[in-house]
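This is the structure, below, for whatever I ask next.
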Amino acid sequence: MIAGISIYEILTLTTLLFFIGVYGFITRKNLISILISVELIMNASVVNFVIINKYLYPDALQGVIFSIFIIAVAAAETALAIAIIINLYRQIGSVEVDATETMKY
Amino acid sequence: MDIRYIYLIPFIPLAVFLLLGLNYKRIKPSVSGYIGVFGLLVSTVLSYYTAYQYFFVPGKVNGVYKPIIDRHVWMNFTDTLSIDMGLYIDAISVMMLVVVSTISLMVHIYSRGYMKGDGGYTKFFAFLSLFTFSMFGLVLSTNLFQIYIFWELVGVSSFLLIGYYYTKPSAIAAAKKAFIVTRFADLGFLIGILIMGYYTGTFDFETLNNPEGSSILNWASTSFMGLSVITWGLLLIFVGGAGKSAMMPFHIWLPDAMEGPTPVSALIHAATMVVAGVYLVARLFPMFYFVEEGFALSIVAYVGGISSLFAAVIAITQTDIKRVLAFSTMSQLGYMMMALGVSGYDGLEGVGYMASMFHLFTHAMFKALLFLGAGSVIHAVHSNYLKDMGGLRKNLPITNITFLIAALAIAGIPPFAGFWSKDEILVAAFENNQLLYYIGVFVAGLTAFYMFRIYFGIFWGKEKQYDHPPHESPASMTVPLMILGVLSVVVGFIPFSEFVTPDGKGFEAHLNYPLAAIAVTVGIIGIVLAWVFYKKENNLADTYAKRFGVFYKWAYHKFYFDEIYLFITKKILFNGVAASVALFDKKVVDGTMNQIGNKTVFTSEKIKGIQSGKLQDYALAFVGGVVVLVMIFIYFWTE
Amino acid sequence: MDWNSFLLMRQEILLLSIILLLLIVEVFISKNKKGNLVHFAVFLFGIHTAVGLFLMEEGSIFGGMFRTTGLIHFFKSVLNIGVFILLLQSADWLQEKIVEHQRGTEFFVLLFSSLLGMYFMVSAGDFLMFFIGLELSTLPVAALAAYETAKRKSSEAGIKLILSAALASGVALFGISILYIAGGSIYFNDIMQTITSSHLSILGMVVVFSGLAFKISLVPFHFWTADVYEGAPISVASYLSVISKGAAVFILMILLFTVLRPLLHIWENLVYILALTTMFIGNLFALRQNNLKRFLAFSSIAQAGFILLGIINGEQLGVATVIYFVLIYVFSNLAAFGVVQAISLQTGKENISDYDGLYRTNPKLSLVMMLALFSLAGIPPVAGFFGKFFLFTAAAGKGYYLLVFLAVVNVTISLYYYLLVVRAMFLRTSEYAIPHFNSKLYMKIGLVLTVLSILVLGLYSPLYEYIFELSKNLM
Amino acid sequence: MDILTLFIVVPIITIVVLVFIKGLKQARIISMVGSLVQLGMAINLVFAYFREREINQDIMVFTKDAVWFKTFNIHYNVGVDGISVALLLLTSIVVLAGVFISWKMKELPKEFFISLLVLSIGVYGFFISLDLFTMFVFYEIAVIPMYLLIGIWGTGPREYSAMKLTLMLMGASAVLLVGILGIYFNSNTDGGALTFNILEIAQVNIPFEAQKLFFPLVFIGFAVLSALFPFHTWSPDGHASAPTAVSMLHAGVLMKLGGYGVFRVAMFLLPEGALTWSNFFIVLAAIGVIYGAFGAIKQKDLKYINAYSSVSHLGLVLFALLMLNKTAWNGAILQSLSHGLMTALFFALIGMIYGRTGTRDITELGGLLKVIPVISATYVIVGLASLGLPGFSGFVAEMNIFVGAFQHEDLFHRIATVISVSVIVVTAVYILRVVGIMLMGPVKNKKYLTLQRVTWYEKTGIVLLLIPIIGMGVAPLWLSDMILESLQPFIKGLI
């Protein structure tokens, strides 16, 4: 419980965070920054879970546990993504998203 | 009497047909000729025997010739309606048996000489037998459907025989024309049969023709466009008859049918098949007479009268002797129809009916004779055209005499057969319908004229130059001529009215001297005119032809009937309807189907852009999709 | 709970141990022997599959986080068989990779761990387990997609998959959090009790649905599919199209039928819409593909659309038909991919136009391909027809005649492009036709197994009855 | 193994044997034997049927019922009545003739015969099925081989035609599927279980609304197969491209599935729907009758001519079925049989002519009667048969149809009937046109003078088909009565 802040403000914040992430995902040209945007999206949900747990259903710790798992998974995800990006960089010497458009239609 | 042996009469020719048809490669021509003749000889004997049996052995049962019927179910339509096959023995069918068998036998014998050396000799006899079988079947039919069945069969055998010289384009065209025109008429016949079957609940002549029967008494029960449906049925059936008997306006096939071998013309297109229409009307005579006070019958009478006049006029102008004979046949058939049309039912009233049948009988004899004679002439000079003939009486004595007899017979000069029958017809017409009577008399004159025109043209006049001197035909051809010649004289003396009458009672026919006298004089006038015009080479004919001018031209072109038909079929149906249908099918119906396919592929080509390969477009689509769905289900689709 | 209850996780544990075993063995095996790793892996997994076939009691542990029922168990076996056949078909290819390019066992390890993730996903009892399973099943596949490190396309595929997958799971997570608000818990059973059709829950439902729709590649969440299939190695494409799609369908069904049943009247329409879009878009795109992998990608999208017809039924019938169809679909698609695999292994050709006159040179392969395609198109008497017919029956049972009609129209469209391949193989003749060759043993076994099952499964009705029985206790 | 299931098993065995043998010689012998056995079984079935009828008055005899999919209540359920018996006989004859006609199949003979037999399995199965599901299955089994048969062994634009044919027929079956499912889910209105069994469904009365909704679907679904206007365009192209034997089976047998299905399913199970919709479809059928005939007049390609005449003849079948009375239905069945035989023979002859002269364009042909008399003469005979000449099967069928159609008093039916009757003239026109141009007249092309005479296997094929045509035409009684009494139960639903 944070004094003076209702759940709504925070949910609004997380929602904003979510959509900022989405926006970034759609607009960034660099794969790395796209990856970062994905992290934003993830984190939006992380915060969500914690907050919901704390404000609405404080008797069990489901949300908190969940958020921890999410963080772990996100990390794994990032690591894998980075690895693949590096592999791509080895071949074409670029990490621009436009470089991944050879396959279409 | 047990009549089952009569089944042999049709089935022997059928057997011959199968025998010759199935292995026409193996049988030697000479043999096949004998087989055909012999088979038919048996049938002929049987027919005569039947006639004797029918008329004299049981004779009249309390004053009436009752029909003898033997019937077997062939196929069931409904619980009540069915097609039967069987024998219907009464005066006219027996008479037809005699006619058909006699003529057919003559033609068979004749053909052995005429067709000698022809490639398809065996095939020819096979077809002849097929035709004879069908014709027998037709005359023996017990019901409308059986008669329709054999009707079609004679049609097809006539098709085959007209198209016998199948490498000759004109023959093919003629055969097709004959078949299709008659087929068109048969369409009417068929619909007529359907009407009859539905409204009277039977196809059997016995039931239909019974004057006290329901089918005649309740004719007024249903009506359509002001006429009783039964009348409609009869009229449609008559259309079928008109088609076969070459009445106006279905006559156009008959002249062309002369493309067939001459014996065929003699058998089918003069003596037997073409009278089927007359026979059909006679078969249903009671219905025609009683239903709606004989409205349909009067139509028959007028069609017959007009046709006979029309044909006679054309016959005068034709130069192909076979065509002249063809038109004369048509005109005589018109006579018979007219006679039926003006006939009454019982007692002396029925003279027209009797006369019609009588004329059918005599006409068969002398017209066959005429054709066979013409055949023998053509055989000699290898041409159909008058201009190539002349002065043949010395070369072809027998042909000359027999032809003359026939000509006199048809011209109605006593004591030849034609005189008696034609006289009866005129009597009947005179008593019932003056107009038709005068037409009849006029036609009689014309007949005599055109017949002697060709007679003189062929056998008198000045000799033409023949590449090889024409000589009399072999015995196989002249014998039938002579036999028929005799017949054309004697058959006139048969007391027909004793045997063949609508009610079967029979009556004493008397010669009506004034009418007879008029008819004969008219005939003689015709002959004399012909003598003046054509006995010697002179240009009288041409000058008179010129004087008639337009009229002559029209008659010469058969009043342009062929052209009209040609226009309707070729221009309108063929190039109009059929072509447009074909086009419509290709463009519209098929086009739509193909378009459906093409459009699908086209669409898939159009929308391929959305799979752009850009990761971020995909993401946009993803999130967009989520948002849209959420929108739908939160704002629009909330039950 | 006592230790025996861990036996409920028998399959998971066994698979995990196989993974570890492979890792250990790789360390100790000498370089020139490495080729045998393939045989070893196939052998181990074969045993695993066989063991998995034995039934076991139902139940749940970890307070309902992990549960297993007859149906779930059966479905795991289906996945096993699928993966086993996949291994057989890709064995030769892997042999080559390992021997010539000095690759390790990572392929197996990744593959199996992804499978492990699916195990957990399908037997998830709450959203946490579901989420972990989802991720575990997705991430290794991304690595597999990028397996051919030398090929640019492969890496691209990897990127596209991992990033879009991350996005999808992010969105799904957000949805889960919303459902958490609405349901007050992350346990399926609790949510089932409490959830009502409020705007909030609808929102959550739709969002979570989209997350799964991504894996099933329903339109418009499907865009990654074709590109990834094309770029990734054939085995991986086939794995994506068959195994992971199947698992996702299964869990989606569990979610919709049990957890979100209160929202039935909502998601019916959702499924309706997505079914239409998926079938039409999938088919329209498949029409003009020449690369077989892309072609099969879109065809599998369309198939997903058909599957939704079963889901829309929402009853036991729906479950049974869907499972049955997925089973048949697994075999049919594996057969198709197997042929593509075999041919591209020999000649490296992957285009439909390369298949011209194939029947004249390789009749057996062409027949397998034809049967597979007929089964996909739903032509009797091969199994696919029965699967489709029952799906349609399920939908019609709810009165969705129009949907069924449109679906069958799509069947006709799909028949068109399946026949295009048949046309190339049978109708055409070409002097550049692929020359005759004999596949290796593993491949042969793999193909024969699929063909047999395609021919038999449909006609052998007891199987369906069995599934129907099992699917009772999903409700 | 019961007498009916054998009809499916024997071809399967034949196929299995074919798979293991090599070369044309063995292949054709095997398939010849196989289809000969089929013919024997069919003939035996006819006699067995008459014996059975003495003691057994059920709608269907020789019924055999085995549960297949319990949950859907799908059964493998077979049985026959007079109609299916007749059609089975027809099928076996045509198949055997087809095998003889393709005696000299050059390319991939083994595969050809296999596909041919698969097709025949579909047809046999369809005719004996009493269960909508199995019926549908066999329907599609029968259709699919056409793609390969036309596509691989066809001529001209074979790929296009094959694809078109398959897609249109499959599209039709799509409509049909919905209809069948509709019937299925309305089959328990009297509280019973849902069922696909035709006889059981016939007992319950499906609600009128459902009938009205599903009749057109079922009707069109089947009728497309028998070339209902305007869904007929697959047939001309398909025929034109198909190899001879396939055209024979296709026009001779496959297209009969349509009429049979309409009769068995649409009319029998949805009578009220039929009554509601009949007028609409009568218009289509009547158009088809005339339209097909006129379409045939202008064609140059022999196969197109016969394809369009099929449209016309089968339009007559549908027309008769829609007349909803015994006589017309009897006519419809007879017409199916006779058309099957005639068209099969037509296509066989066309195949022979094409194989010899290398063209099907009648304007290039001429005077064939001189050079190949047997084939040409047969062509004339079949031509006459197909224009409804008495003494051949066509006449019997058409007369039944016309008399049946004439049972309706009202003006609409009258007009439709008269229009359809008038087709006999148009038919005569296009038949005689072909005869006149192609067979008669002088020999057009010198090289025709050396054409090969008819061979023994061709003769066998011809005789096989010609005998029943004439037999039906000369002695129709036993056949038409067999069909009539089988029609009795079906008419009940309408009264």
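Brief remarks on what is shown
For clarity, chains are labelled A, B, C and D in written order, and residue numbers in each chain start from 1.
Rule of thumb we're sticking to: a residue touches a chain if its C-beta (ideal position, glycine included) is under 8 Å from a C-beta of that chain, and two chains touch if they have at least 3 such contacts.
Being a predicted model, the structure only gives us computed values, none of them experimental.
For the pairs C-D and A-B, the count of C-beta pairs in contact is higher at C-D.
Centre-to-centre spacing of chain C and chain D amounts to 43 Å, using the average Cα coordinate of each chain.
The centroid of the Cα atoms in chain A and the matching centroid in chain B are 98 Å apart. Per-chain CA centroids place chain A at a distance of 27 Å from chain C. One inter-chain figure worth recording: chain B and chain C are separated by 78 Å, centre to centre, where each centre is the mean of the chain's CA atoms. Counting partner chains per residue, chain D has residues 167 touching two or more of them. Each of residues 159-160, 163, 167, 171, 226-227, 416 in chain C touches at least two other chains.
Residue positions 597, 608, 611, 613, 615, 619, 623 of chain B each touch two or more of the other chains.
By the definition of touch given earlier, these chain pairs are in contact: A-B, A-C, B-C, B-D, C-D. Touching chain A in their complex are the following residues of chain C: 127-128, 131-132, 135, 139, 142-143, 146, 149-150, 152-153, 155-160, 162-163, 166-167, 169-171, 173-174, 176-178, 180-181, 184-187, 226-227, 230-231.
Within the complex formed with chain C, the residues of chain B that make contact are 597, 600-601, 603-605, 607-608, 610-611, 613, 615, 617-619, 621-626, 629-630, 632-634, 637-639. Considering their complex, residues 159-160, 163-164, 167-168, 171, 199, 202-203, 206-207, 209-210, 214, 220-221, 223-224, 226-227, 265-266, 269-270, 273, 281, 284-285, 287-288, 413, 416 of chain C touch chain B.
For chain B in complex with chain D, the touching residues are 73-78, 81, 83, 145, 148-150, 152-153, 156, 163, 166-167, 169, 172-173, 175-176, 179-180, 183-184, 186-187, 190-191, 194-195, 197-198, 574, 577-579, 581-582, 585, 589-590, 592-594, 597. Taken together, the chain A residues at the contact with chain B in this complex read 22, 25-27, 34, 97-98, 100-105.
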